[in-house]
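A, B, C and D are the chain letters, set down in written order, and residue numbers restart from 1 in every chain.
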Amino acid sequence: MTATPWGTIAHLGTVELFTPELEGSVWFFTEILGLTETGRRDGSVLLRAYDNYETTSLVLTERDRPGMGPTSLRASSPEALDLIERAVGESGREASWIEGYAGHGRTLRTTDPDGHEIDVYHDTTWYDAPEGLRAALKNQPQAKPNRGVGVRRLDHVNYLAQDVLANAEFHQQVLGARATEQIQLDTGAIAARWMTYTHKSYDVVYTEDWTGSRGRLHHIAFATDGREDILRACDLCIDNGVFIETGPHKHAIQQTFFLYVYEPGGNRIELCNPLTRLVFAPDWRLVTWTEAERKKGQAWGLQTIESFHTHGTPLA
Amino acid sequence: MTATPWGTIAHLGTVELFTPELEGSVWFFTEILGLTETGRRDGSVLLRAYDNYETTSLVLTERDRPGMGPTSLRASSPEALDLIERAVGESGREASWIEGYAGHGRTLRTTDPDGHEIDVYHDTTWYDAPEGLRAALKNQPQAKPNRGVGVRRLDHVNYLAQDVLANAEFHQQVLGARATEQIQLDTGAIAARWMTYTHKSYDVVYTEDWTGSRGRLHHIAFATDGREDILRACDLCIDNGVFIETGPHKHAIQQTFFLYVYEPGGNRIELCNPLTRLVFAPDWRLVTWTEAERKKGQAWGLQTIESFHTHGTPLA
Amino acid sequence: MTATPWGTIAHLGTVELFTPELEGSVWFFTEILGLTETGRRDGSVLLRAYDNYETTSLVLTERDRPGMGPTSLRASSPEALDLIERAVGESGREASWIEGYAGHGRTLRTTDPDGHEIDVYHDTTWYDAPEGLRAALKNQPQAKPNRGVGVRRLDHVNYLAQDVLANAEFHQQVLGARATEQIQLDTGAIAARWMTYTHKSYDVVYTEDWTGSRGRLHHIAFATDGREDILRACDLCIDNGVFIETGPHKHAIQQTFFLYVYEPGGNRIELCNPLTRLVFAPDWRLVTWTEAERKKGQAWGLQTIESFHTHGTPLA
Amino acid sequence: MTATPWGTIAHLGTVELFTPELEGSVWFFTEILGLTETGRRDGSVLLRAYDNYETTSLVLTERDRPGMGPTSLRASSPEALDLIERAVGESGREASWIEGYAGHGRTLRTTDPDGHEIDVYHDTTWYDAPEGLRAALKNQPQAKPNRGVGVRRLDHVNYLAQDVLANAEFHQQVLGARATEQIQLDTGAIAARWMTYTHKSYDVVYTEDWTGSRGRLHHIAFATDGREDILRACDLCIDNGVFIETGPHKHAIQQTFFLYVYEPGGNRIELCNPLTRLVFAPDWRLVTWTEAERKKGQAWGLQTIESFHTHGTPLA
């Protein structure tokens, strides 16, 4: 079995979140983050970040408790989608074609070893901004929102998993991700791994789920234009009763400037900014952080908050 | 006649603007600048910047053409207000007591030599934010707006005048302003002077009106939290059809980072940011810029735009 | 006895710090903060921030342990200096005239009740930048440094004291400071008070010294141009082995964006940025934070670090 | 002949500039931009940006007039390098293997149709920071410089060419670049095209050379961490006598926040910041700007400066 090459998956598409407080969650994503609601269908609300060339960044669906639905990844061509189908098959994982959603064409649905649903598609709908939402510049799909933070894009997904390595290898070998950083415990076990499909330093992350649950979410992240947007977000959060879990600060791992909050439905949301950092080396040397290094905390000395190791959705 | 001491006037209070497009102007100040509308009365709309401890920063009044109404200045004590009354009287200018407006107590109304109305008051109403607009921090009068730029305060007023020096001397001798910078033409005439009542480097400015009109406005300015807010404002302006006259750039004079736009009523509005620059010297040495120095343009080389020397409201 | 009016003291001038590692401290202040060394005399090094119109912001003196020497305050006029002399005398505190230092003329030296030396002067030397350090703009005393953070000014001093209230009253009644914020314990005792001589929201602070020592320093602070300078400082600190005690974050009290580090001599140094926040109200209502409010931590939720309550210089 | 696929070239490596003022140029790149000099050899100076995982970003060579030497591009694998060799051969262009320089292994040298030298290599030397230049974080190749702007990376090269389309097709078909934006004149001619090898929105640009010269440089660009670094650079430039040609402002095309200066040798250098904008679509739809759209100037209304259409190096 040959590993799928990097570049087969083009980028992260949309993520679905479950929320027991649908209107509260919609308020948070539109009024605080500045996403745009584009429609509702079957109890789900479709939302988009302003620099998404496709139609949808986030699907919010009402459920009795928070958590995550499928993550969709766009294959770089119809052939790439076929290649993914074969690679999934060879890996022994089940997959099936489903009707595309959120503007996507036919979609291959599978799961990672931990049970998170992964959807891969190629055909997609390019966003055509309606009057009133058009940007002044023709290279921008939508006007910059005048409310909330105005996040640019869905940036990455951080999954909780029982077996980080097995899930990472699924992304690397079957989907063609490139690993950039990881945490290795003194036991040799991989406690977290960051992987990328692009020149961003990461698009997907797996973190060990200490509770032993399966299929849970650590957080999804939205990228802001700059660090000042994250500092402004802090003020918007405290003035609007949004719970800040930790930050703003800079991660040692990946150097991301971050803020973690809980949206009203209970899911952890990160606002992130990598400045202009990108990983260009095609033969990037996986950076391994030891248990001792992780204990030192974040880049500038902030201790990692305890709930970061325990809170996931759905609650365990 | 003794010059009124610096400190007698505490700070700039409110400014009234006239607009032929009242709803358009209200849209601009609330949705783009992020001011809060607090009430309407007799055809006027009252608006406030979030860090104003008083109730009102801007009064918008419908008129057939743009321009400005009174500027109000807060005296630092009841005695300071009496001192201003005497000084105005000694200066030979007329003054009368009017009923306070915009939350102010009894108000002394006079005019500068060019005819702009100047109101001085001391008693004032402290802003008491209603539920939903309260800030998380008790040292902040109002929650930071989640829409538009979210400007912090009305920062300064730049008046056009036939005789800059006469008007500057009125502010310096009668009202106790301190002059910080000026432009002196080769003829010896003062073409512009910047003055302050505070440790900000300027609160009021007079600029020569080349058209020979009287009582006109060059611009009013709102201070943003940082320069990034001004860059964000640029994007909001182009995406929402707000005309940018010039900027963003940094003024050589006063070093202000600036953006000039026209609000829908036609008045020029500046977004300004001085970083943390303040003038502390009680014996500050007036900085004089020559005609040649002014011709060099702005701090980083931008040429001063022609309309900057001609556009004022009302149009001449 | 009449309270000295606000405005009698114009602003903070210089502070002297003691350091057992003189060259290490000079390296920190020049290479990391971006101060300019202007001379050495009698074992002291004179340093200045680029926007100081006077010659000196900081005097560093070698001693066997860290700590602070005199704080100098500039009186707003010769008459103001005389007024301060009388007020100090009436308050029963001792004072004597000393030869000015750091470019200052004759200087009145007294102490606050806790024993910190306070020097007041009026005559001063305006900085005349030598070739190579001149700014392009004539309203700026010195070119912006091209190394380190490039802090704009000495911003404030935070003194530790046994009796906060007694020391605060000395500044308010004798020196004419205006109190803006304070912490009041459940016992009624004032645990900290912030006071200002300007329109900045504070210039001097007294914090309770839990160790019962006298005359100690909590920290001195330098203002940066923006918050991004503080974020950049974080990276410079970790890459150069400068210890970050806490931050970056935003204080609830005074809303200052902050970073606390220890300079190589052991003194705590703050980099601070207030955005464009200023306190203009001449009758500002003292904001009181309760013990419960203080326990909530900083503005965005960071818990106050334990060493913040214990570390002062000299070490107790 | 098959077009080389995107991804064959991994990223831009180094650029060589010629300068008649070698020490002046070195001063600019180290003290103003904050590059690090790593060595000198045969009249050339090697310089690097702090986030480069390889050893060298810029080679400066003394010549009697400014201009550019080879641009080097890293192939993503040994096989990719072979593929490039075949593609160049099939295209009819000459190529030869040369000894690698600037830390690169064997290198294929060819030229674009306009005569600019293009070097392609795969084997490379990873930067191993010496004591004193090591970063605190193991995922960063070098400490962040404490002087000058501290640019992160060589970002892109903008070549002048007689025939933009021919040169663009060379990059697209032979080297596997993806075109993202272009300017098309009313005559149908392509006046400029922006292309990328990565998820950055451009790495190389061709602009029509109105003088009819060949092999000239419009500018090379370095990416800063944020926009504030560019604003800080403006102040450093005016205080140090570096000529600012235009900016800071935001390009309509590619939305880059920019500043253009001339280094002491005469070459145009851009400081650029794209915020977090990236182009992820594998089937990105080439954005075409018309002559009329180009005439509107930059994103926020700044008119394009005349010298932007005439100044190139060497001077024509």
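Quick note on the criterion: a residue touches a chain if its C-beta (ideal position, glycine included) is under 8 Å from a C-beta of that chain, and two chains touch if they have at least 3 such contacts.
Nothing here was measured: the structure is a model prediction, and the numbers come from that model.
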### Message
Please report the smallest number of touch steps linking chain A to chain C.
### Response
1
### Query
Approximately how many whole Å separate the CA-defined centres of chain B and chain D?
44
### Task
Between chain B and chain C, tell me the centre distance in angstrom, where each centre is the average of that chain's C-alpha atoms.
31
### Message
Using the touch definition from the top, which residues of chain B touch two or more other chains?
### Response
136-137, 225-228, 238, 299
### Chain-level touch network, classified as line, ring, star, complete or other
complete
#### Entry: chain A to chain C touching residues, read off their complex
227-228, 231, 234, 237-238, 244-250, 257, 299-302
### Query
Can you name the residues of chain A that touch chain D in the complex?
6-7, 10-11, 51, 53, 74, 76-77, 126, 136-140, 152-153, 181, 198-200, 223-228, 252-255, 273-278, 280-285, 287, 289, 293, 299
### Query
Touching chain C in the complex: which residues of chain D?
31-32, 134-137, 143-144, 146-148, 150, 225-226, 228-229, 232, 235-236, 238-240
